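The first chain written gets the first letter, and so on, giving A, B, C, D and E; residue counts start at 1 in each chain.
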Amino acid sequence: METTIVLAALKLVGYGLSTIGPGVGIGIACYGCCVATARQPELQGRLFTNFIIGAALAEALGLIGFVLTFIV
Amino acid sequence: METTIVLAALKLVGYGLSTIGPGVGIGIACYGCCVATARQPELQGRLFTNFIIGAALAEALGLIGFVLTFIV
Amino acid sequence: METTIVLAALKLVGYGLSTIGPGVGIGIACYGCCVATARQPELQGRLFTNFIIGAALAEALGLIGFVLTFIV
Amino acid sequence: METTIVLAALKLVGYGLSTIGPGVGIGIACYGCCVATARQPELQGRLFTNFIIGAALAEALGLIGFVLTFIV
Amino acid sequence: METTIVLAALKLVGYGLSTIGPGVGIGIACYGCCVATARQPELQGRLFTNFIIGAALAEALGLIGFVLTFIV
């Protein structure tokens, strides 16, 4: 029982670690998209597509960490 | 009992870790939005939308860490 | 008793961790707001609004960590 | 049994660590791609190819960490 | 037996640590390549070569960490 509880807590530590990178990465991607949209407003659709792709790739890493907390 | 208390503390450590990335990421997103708004004021609506989307994605990672502290 | 003291210490560690990201993030947001205001002084109201929203989102993560130290 | 559970938790910690770099890296790559596309819109195909290659290389490191959680 | 399992988990932690630098480094390399290609499109071949060399050097560090998980 004791071990199970420690496991649950350590799982959360693991998930927390897995959000550091994606969190920062999505922010940087969004920043780049905004600055770029400002320079070339007529490209906003293309720039937004780039941003969503990059953000989805980073977000996936965080969501995998979320899924792992239930299957490990 | 002892284990439960340690669990609660470790949960908080886990949540703390899960806020590092989102916190920084939201800041960077906001920074990009502000700079971009300054360059192209007429795009402020679009730039703000981009920022909110990026910030919401990062924020979600932190909120998941918050929810996890109660369900693990 | 010993465990309670260790708990208090770990809680503080957890809260400390939860302030790293928001602290940095708010600083970056403020920086972006300042730079942007300098470039387009007539937009200072809008830029300040953006900054406050971004800072509030990041700050919320830190405050949740603060609240958690009492309810976990 | 106890050791197995701790193992599972430590595996997740390991995966979490392995996503820090890729997460940030993909974000930076996406940012560079967006800014560059804004400067030279006629090169968007080439720039997007560069971004996908860089992102795939970084993503691979995270996915290897994901695979390792099952084979170690 | 117990020691073997802990070893396997610690191996993964080690690999995770070894991906932080390469992941970020590849992203920065890709970013530099994109920006440079946008400035001097006629140099895209040379710039892409530079990027691949830099990315390969960084990737090698991560792959060495991968190999080490089996030979240590």
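The rule is simple: a contact is a pair of C-beta atoms (placed from the backbone, for glycine too) under 8 Å apart; a residue touches a chain by one contact, two chains touch by 3 or more.
A quick map from chain label to UniProt name: A, B, C, D, E = ATP synthase subunit c.
Bear in mind that the values here come from a model prediction, so they are computed numbers and not experimental data.
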**Request:** Average the C-alpha coordinates of each chain, average all protein C-alpha coordinates together, and give the chain whose average is closest to the overall one.
**Result:** A
**Message:** Taking only the C-alpha atoms, how many degrees of rotation bring chain A onto chain E, rounded to the nearest 5?
**Reply:** 65
**Fill in**
chain B to chain E, mean C-alpha position gap in Å, rounds to 26
**Item:** Whole-Å gap between the CA centroids of chain A and chain B
**Value:** 10
**Request:** Report, in whole Å, the distance between the mean C-alpha point of chain C and the mean C-alpha point of chain E.
**Result:** 31
**Complete:** Multi-partner residues in chain E (2 or more other chains touched) are 23
**Request:** Would you pull the chain A residues touching chain B in the complex into a rising list?
**Result:** 1-2, 5-6, 8-17, 19-35, 37-39, 41, 44, 48, 51, 55, 59, 62, 66, 69
